[in-house]
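Please find one structure pasted underneath; my questions will follow.
Letters are used for the chains, namely A, B, C and D, taken in the order the chains are written, and counting of residues starts over at 1 for each.
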Amino acid sequence: MVGEGILKGMVETARNFLGSYVEKERLTTVQYPEERIPQVEAARNFPFLVYDGPNWQQGMRCVGCQICEKECPPKCIFIEKSKDKKPDAVGKPQFYPAVFNIDISVCMSCQICVEVCPFDAIKMDVEYDLPTDDRFGGLLLNKQKLSKSNEYYHEIHPTEASAVDGALAEERAKVKAAADAKAAAAPAKPLAPATAASPVSPTGETK
Amino acid sequence: MTLTFLILAAITVAGTAAAMGMRNAVHCVLALTVGFAGVAALYLQLDAQFVGLTQIMVYVGAVAILAVFAIMMTHTPAPEQPPAFSSHWILGGLVAAAVFAVLAWAIGSSAVSMQPLPAEPAVGVQQIGAALMDRYVLPLEIMGLLLTAALIGAVVIAMDRKEDRQ
Amino acid sequence: MTQEADQIFVLAKHWLMGYVPAVAQPIASAVLSIVPVLIAFPLLFAITTVLERKGLGRIQNRYGPNRTGPAGFFQPIADGIKSLTKEDIVPLTADQAVHFLAPVLLVVAAFLAYAVLPIGRNMVIVNLNAGVLFFFAVGSVVELSVFMAGWSSRSKYSLLGAMRAIAQMISYEVPLVLASVVVIMEAGSLSTVSIVERQAGYTGIWPHWYLFTPWGLVGFFLFMVAATAESNRSPFDLPEGESEIIAGYYIEYSGFKFALFFLGEYLGMFATSGMAITLFLGGWAAPFSFLTWIPSYIWFFVKLLTLIGFFIWIRGTLPRLRMDQLMNLAWEFILPMALLNMLIAGIWHFMQPGVVRWLVCLAIVAVPCILLRQGLKRRKKFQVRTYRYAD
Amino acid sequence: MSSLQNYLLLSALLFSIGLAGALTRRNAILVLIGIELMLNAANLNFIAFWRYGPNPSALTGIMFAIFSISVAAAEAAVGLAIILAAYRHSRTTDLDRMNSLKG
């Protein structure tokens, strides 16, 4: 018959129409602010800074090396390196970023900053609910807003975080072993190894 | 009644004068539709409902659109606008003015034109239809033939033949 | 009681007219007739937009708008506020006057068409002697406003859209008029009121609508297809084709003028649906004789909403046609069918009532359908599509 | 005031405007439109004479106007088709430049 295909199509849409009232599982959309789809583990959108331990200022992994600032394609990262040094998570004195800003209205979520970071200090977040009515200040995240704990990192990306933790622990152990060896070799000068070891980064030995 | 006539006449004359005087051809056609609509309103004013509505349907709905289509299809983006009026526009204008003068003189001096308005004739669409099917059936058939011939003729003339392209 | 409920608006008008001095009687009468139409149909437009969005959503297994107000039914108010407060951008090179006049002309023409639609018993603004002709004459003005919009924007997309729209509207106006000619032939009148009156009356419980005759059925089908194309709705929405020419002729419009285009388009759809109801579905008459106690205007709007629902259903189902398919459908199928339908109406008129009349007319309808099917089968040459990749 | 004379004068004016347009415009399409306008003026005359005539129920004026409108529509269609064909030939619709018999 002429028009058979049209009729079939119309029956199908009618079934969809009526079925969407009867069977809830037909509905493909979720009601966003109330319901959310659980995110897959590989989800990512904007970067954040990881810190170890309870205090975000003390435990910050970032040493202000500015590699990510240089590599960022849209130039959305702004870092001011500190003049002094503070002890980091393992108690070693390090430089730290005095200012660390990311303009997420410019960020394109390319993850290059994460790739280049030698300290595993910057990672990708999954938080996407970031609307604000202040278009300039509201989307410019500062150091405090960017800092999130390692526990949070474990929560959003468990596999990746465990791998990073393992690598970090391994490297710290190596550094510690090297320092211990040096300390054992030169027990006369107790202060020397610390100053000598400080420019060497945890990953420095792998290069 | 008089005021209505004056307003409609003013709209019609303004529309048609603009249609013949404006530079942009599309503006001319758009102004012309105002003139056509004014003439249609005058028909309605004269109790010729059927003719008035046919006028809108044919002139506004078909002829104006056709003219606009023709203008779009023959539009050549020229660097400098050629003058809108012909080189002997004074002569043409004089001829038109002379024609109007003669017609106006003839109308003014004619005794026929002073007739009073008779009572509204009871002429509906049904009477027109009956007349078309009865007394005017031969002209109607000829008109159908003419329109068919015009349709085919227009298509044949405007058809883009392959051998012309070369 | 039912009589009063049926005539409540007419009586209200008469009552109000009692307070108007004799000098202002004609103008007051006109205002009192026009204002309800100016209120009712934009309101229907608002309801239709939300119904359409919800309906399309459900067809696609979505919720549709459900945030603004109860179940999302205040959505049109939010839309209205949004379009009113938006910046009205006019392109720098646009023809300012024509650009402004186009949406105004469209809405005016769309509203004018309601002048001859009988919404209820004794409820029509003017009972013109040539009402149907008036309707189509006003409808042809819409084409002009579409052209004005497309041309004045000085944009390639809008010009393309306008050209498509005009070509489509001209092509489908012919079958639209021809499909309604059968009703005019049978009713012997161009007046919408007398066409509705001809369809009044019942055999048993069944009404005497023109839909329930072979030519009426075919005519209604052809009329609705042409009306869908005439109001630029899916599957004939090529002039707007969001995926090809973004929004067609009104791409350069923003803010309130854009909303006016939307309003004009929907009003045109309601008007053609209303004309279909008047011509084929008995106007304001009840569908069964035992339901005549329900007021006539309610029946009109029930039928109108049914047709609108049908339009939405079609829109949710069918994909957009290609330009050549569109033109082929108009000139190769609908136009010949409309002409044949006139022949059927003539045969029906002059044959004795009975089963034979039905059989003869149905046979004349069936033959072109079978021929069309054969033609479609022959033209349909499916082949395996070969994909080529760059290497 | 609104007598037959006014309609005749208005019609004469429309005719003259159409004539002026047809004689002075350079664009062939606008010349054709001027001719349409002249036909319209004649139609207005027909209707006015029908309305003011002694026997309006004879419908002669109306019939003449209807047939005249049909002829005008046919004329417009064929005329514009000819203009299109001429444009395709000489790439212009300017009547002052369409002056050679040989393409």
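Simple rule for what comes next: a contact is a pair of C-beta atoms (placed from the backbone, for glycine too) under 8 Å apart; a residue touches a chain by one contact, two chains touch by 3 or more.
Given the structure is predicted, the values throughout are model-derived calculations rather than measurements.
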With contacts counted as defined, which of the two, B-D or A-C, has more C-beta pairs across the interface? B-D
Centre-to-centre on C-alpha atoms, which chain is most distant from subunit C? A
Could you name the chain whose CA centroid falls nearest to the centroid of all protein CA atoms? C
Please compute the C-alpha centroid of subunit B, do the same for subunit D, then give the distance between them in whole Å. 5
Report the inter-centroid distance (CA atoms only) between subunit A and subunit D in whole Å. 78
Rounded Å distance, subunit A centre to subunit B centre (Cα mean): 75
Cα centre of subunit A to Cα centre of subunit C, whole Å, reads 57
Would you give the residues of subunit D that are in contact with at least 2 other chains, written as numbers and ranges? none
Spell out, as numbers or ranges, the residues of subunit A touching 2 or more other chains. none
What parts of subunit C, by residue number, touch at least two of the other chains? none
Connecting every touching chain pair, does the picture come out as line, ring, star, complete or other? line
If I apply the definition of touch given earlier, which pairs of chains qualify? A-C, B-C, B-D
Quick check on the complex: what are the subunit C residues that touch subunit A? 55, 58-63, 313-314, 316-318, 369, 372-373, 376
Using the touch definition up top, name the residues of subunit D that touch subunit B in the complex. 1-10, 12-21, 23-27, 29-30, 32-34, 36-37, 40, 43-44, 47-48, 50-54, 56-57, 59, 62-63, 65-67, 69-78, 80-85, 87-89, 91-96
Residues of subunit B touching subunit D in the complex: 1-2, 5, 9, 12-13, 16-17, 19-20, 25, 28-29, 32, 35-36, 39, 42-43, 46-48, 50-51, 54-55, 58-59, 62-63, 66-67, 69-71, 73-74, 76, 82-89, 91-93, 95-97, 99-100, 103-104, 107-108, 112-118, 121-123, 127-128, 131-132, 136, 139, 143, 146-147, 149-151, 153-155, 157-158, 160, 164
Within the complex, subunit B is touched by subunit C residues 95, 98, 128-130, 133-134, 136-141, 143-144, 147-148, 151, 159, 163, 166, 170, 173, 188-191
Subunit B residues touching subunit C - in the complex, by the definition given at the top: 26-27, 30, 33, 49-50, 53-54, 56-57, 60-62, 64-65, 68-69, 72, 124-126
